[in-house]
């Protein structure tokens, strides 16, 4: 019994002393918080933050080179977690989403030649400027799809389509697109011009069935003056747009599309309503009904939350609510 | 003379019998020319005419902008109609000067007659070349006056006149050497004089024995030697040509021929230099070979710069078969076009029409690692790995394999049994590497 | 409307050589060996080769179908694998062995890696080695050639290959036999026991000559492979001719020629650089000689090539050719 | 069991056989199937594979020698061989800790590359396997050193070969269901088959 005890404890003792000395002599300081930050990050190593992977970003955050909410993939929640590790506060960042400003699928847009080469937009654009007849259109060979770390992009009928749910707004595709037709926009209800062509309307009609022809109907129809046509292309001022969707209805080419389903709706407080009827007159969607003498009401199915009625109401009886 | 050996190379069928025996014909003056402002490496020239201006053939209509740039001259007499974006050989729209010509019969009348340019100081000859807007006419379109003004610290001992014309199908240089032998030799004397080069070589591939004979018979100067080179593509590439003749390799990673004391000039450029110095003639026309099995009657033509290819095709009888590819330049390095409105430029050595049946097939396979591309690469690269790395966006790995040294000669793609578009993959990877570098530099 | 043109990156002309044309020519070059095999071993050999081709094509098509990829059995690579596998089997093997072999060759050896071009190991050899290790009894049941064409093999005996015979003798008697059962001439034309395709050196050399002439295979690998084996076996033969076989005997017996010309040269699994190929060949030769001379197996070609297949990525990495202009001349 | 050999060349031959035997014929990874975990884990890149292999060589040789000495001086004299496993593991664990600290101090790059695999050496069965085998086979000190070096060099060889193939597989179009460890195991299987060609090389 004794030899066993002595040998086991003896060897253990010697080893522990050796290791203890080594630990002292060879000690390396590493911030334990790096590990904690790494845990908070999504770990996709997408590089959207501008650093080589999550680990590098964690180090940069610690060194105060990168903001705590610098992780675009993780969004606000990750930023909060990282801030918690460091005991900092985080300013709220707006969640972005990528939009392809082109709808020129193979069905809608013609080809000007037969392309033989690799499936890569950046390579293809150097061969005769790309085979799509529109010099502004999506080449549809999937360079953005290949670089998207979140699998949010698919190519359908020679057109890049972004899954708004999967997209985190990292912007890698924006950088990759040789046509520069992918944009980052705030992730909220808005109307987008899904065309980038600056060709004249006649030319656009020649090669594309769905492109902006610069007809200015949207410009005239917009009650908020949010749309201007520049270089034969409609441009929406996001500050003015209320996503009412009137322009979407008037566009003859179906170029304008709403980004997300409408989530806002007006509500009339029957107690405050003075029954003046101004709101009903201004509503472009006939979503308000009622007659003088009684409080007006909103037709839930028709209201698009444009907010025109709010400005008209003298009694402050109308408010916007989020419906989900 | 001992010839040195460059690695790799291929032996495609040279197809020159279509046009090699045909004398150069003058193409008729087109009704309209579209002269691109960008016909050279470097920034486009600055137009100095406006719509409505009358111009005479040989008038300067656009001025070089920046150091590496070249003047542009009117190739016909007529009226400037517009300066507007027009199809360009690069495949995109690029600004061009549109001139409506008046009259069919327009001959360029020499403005100068310098009987003995060699009596002038050598440096005074360079402005004549710059004024004439001469660029490398083998296809590289590098402004010639820049190439002939090496920095002080580089001494040039060897001038190589490139009459190799290793691209299949093309015979423009071949015909030029046969029909303007004395003029080219005169041009060689001028260039040699400018560079103060001790040795001059005229390099011609063995498949042009008549041109070799013609040159040999007409050269009296013992310092100019005609060298017949074995037939191997890309024998006419600058670096490979220097290696073959001098045995020296232009350094990898951005080295230039002048680093080994050599300057290479194409015979077409040499002829243009002769005309510029002797007669003061600007570069308004060039010899181009219209060939391929897609054209009815192949020809060697002297065409005015800016002539739409459409006119040239019509002149040669039009398409013979179902159109496949329309290529400006040779089949190995030429750029193909989707629009036959594109005009001839200073670098258009050929107009090649290939029928659909020759080029319609495109079924690339994954790399089977046969190694044929490695064997034929004249730069000693590993194109198979470069291609695979490009496919997988592993650009740093590709760069480590000397991606940027690729001269895009196309030998690898020619031999690939899997029919992989290796040149395109490599070119794409190159672009990405440079883009990333720029991005890093910006940060 | 004009006719639409085709646009691609340069170059615009391509050599006529394609993967199917290469594979077809390899099959063509194997025909002499196939004929000798059928001539020597009768209808059974023909049946094995046919079965191998059928089952290989079936597995290839089935795998591609299951993976949802285009069915590419027409590229001929499966056919080459099938013939090579069959030529590497003894003429006595039962039919199910052939099917198992082709399953491992195509599915495990190739399709699982993504198909032609991605497999790190020669598929035919994967199939053969699996069979050799899993079914040693069936894989070493040899037959002497019984010449009447299209007869069925009846007389089978164990250890009838020249190399196997010598090795058995060496183990039991401590020396190789003084008189060998076959002379060099018999080995050369194929009057010997062995796998269907390996018996006739002449037939293999005819096929190899064709491939070398058409530049389908590089000469470096077979030459360095054979030369190394010849050299090493020669050295040991000179040291002790009682214990080690004559190098010429080594050269013409067993699968050396078949392996060196047709399997080590499988382009997917060997290096792409010249130096790499040289080292690859030398490595194959060295391992073959070591296994033949000292190992437990009488024949080492298959193992040697498979082992060297494993080194291919490293050889490619370490033997990059000098890039033009890389060495500073100053 | 001590050996009494006088012939120098026979001696060398003996050592050579031990080395070749454990390096190729009885390669720990390919024919004894030990150390598969780090073999699969650290063979993605050639550089890390070499680093891992080298540290394994270091640890194995060191721990085998230590095990040999402990066996000779402590376990045998006191007849406590049955404690072999426990004591060897103790020694190995301590040694690996030491190596880890040394690497972390001397080569941060290597440390980053090896990452979580360094502690894995502790549980690398090769280390304990070699230590146990040398006591079973009755090697002397020199034989122990050679055997342990051969065993770990065989591990390095396997890692290097395998990492080369895996770097290539990374660019291969492998069917979705076989990516990663699946294809690695299949490849290892084929490699193992080819290593069987060495069988019989050393009796």
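Should a chain be cited, it is by its letter among A, B, C and D, assigned in written order, with residues numbered from 1 in that chain.
Criterion: contacts are C-beta pairs under 8 Å (C-beta built on N, C-alpha and C of every residue); 3 or more make two chains touch, one makes a residue touch a chain.
Predicted model, so just to flag it, every value in this text is computed and none were measured.
S.K.: Would you mind naming the chains that touch chain B and likewise touch chain D?
M.R.: For chain B paired with chain D, the chains in contact with each are A, C, in label order.
S.K.: Tally the contacting C-beta pairs at the C-D interface and at the A-D interface, and name the larger one.
M.R.: C-D
S.K.: When the C-alpha atoms of chain C and chain D are each averaged to a single point, how far apart are the two points in Å?
M.R.: Centres of chain C and chain D (C-alpha means) sit 33 Å apart.
S.K.: For chain A and chain D, let me know how many angstrom lie between their CA-based centres, rounded off.
M.R.: 52
S.K.: Just give me the whole-number Å value for how far the CA centre of chain A lies from that of chain B.
M.R.: 47
S.K.: Give, as an integer number of Å, the spacing between the C-alpha centres of chain C and chain A.
M.R.: 57
S.K.: At least two other chains touched by the same residue of chain D: list those residues.
M.R.: In chain D, the residues touching two or more other chains are 173.
S.K.: Show the residues in chain A shared as contacts by 2 or more other chains, in ascending order.
M.R.: 112-113, 116-117, 123, 126-128
S.K.: Which residues does chain B have that touch at least 2 chains other than itself?
M.R.: 91, 336-338, 359, 362, 366, 391, 421, 424, 427
S.K.: What graph shape do the protein chains here make by touch: line, ring, star, complete or other?
M.R.: Topology of touching chains reads as complete, every chain touching all others.
S.K.: If we count contacts the way the header does, which residues on chain B are in touch with chain A in the complex?
M.R.: Touch residues, chain B against chain A: 91-93, 336-339, 359, 362, 364, 391, 393, 421, 424-425, 427-428, 431-432.
S.K.: Where on chain D is chain B touching in the complex?
M.R.: Contacts found on chain D: 171, 173.
S.K.: Flag every residue of chain D that touches chain A in the complex, lowest number first.
M.R.: Residues of chain D touching chain A: 70, 74-75, 78-80, 83, 86-87, 90-91, 93-94, 97-98, 101-102, 104-105, 108.
S.K.: Touching residues of chain C toward chain B in the complex: what are they?
M.R.: Touch residues, chain C against chain B: 2-3, 5-15, 17-19, 21-22, 75, 114-118, 218, 267-274, 277, 316, 320-329.
S.K.: Okay, in this complex, where on chain B does chain D touch?
M.R.: Residues in contact with chain D: 366, 388-389, 391-392, 394.
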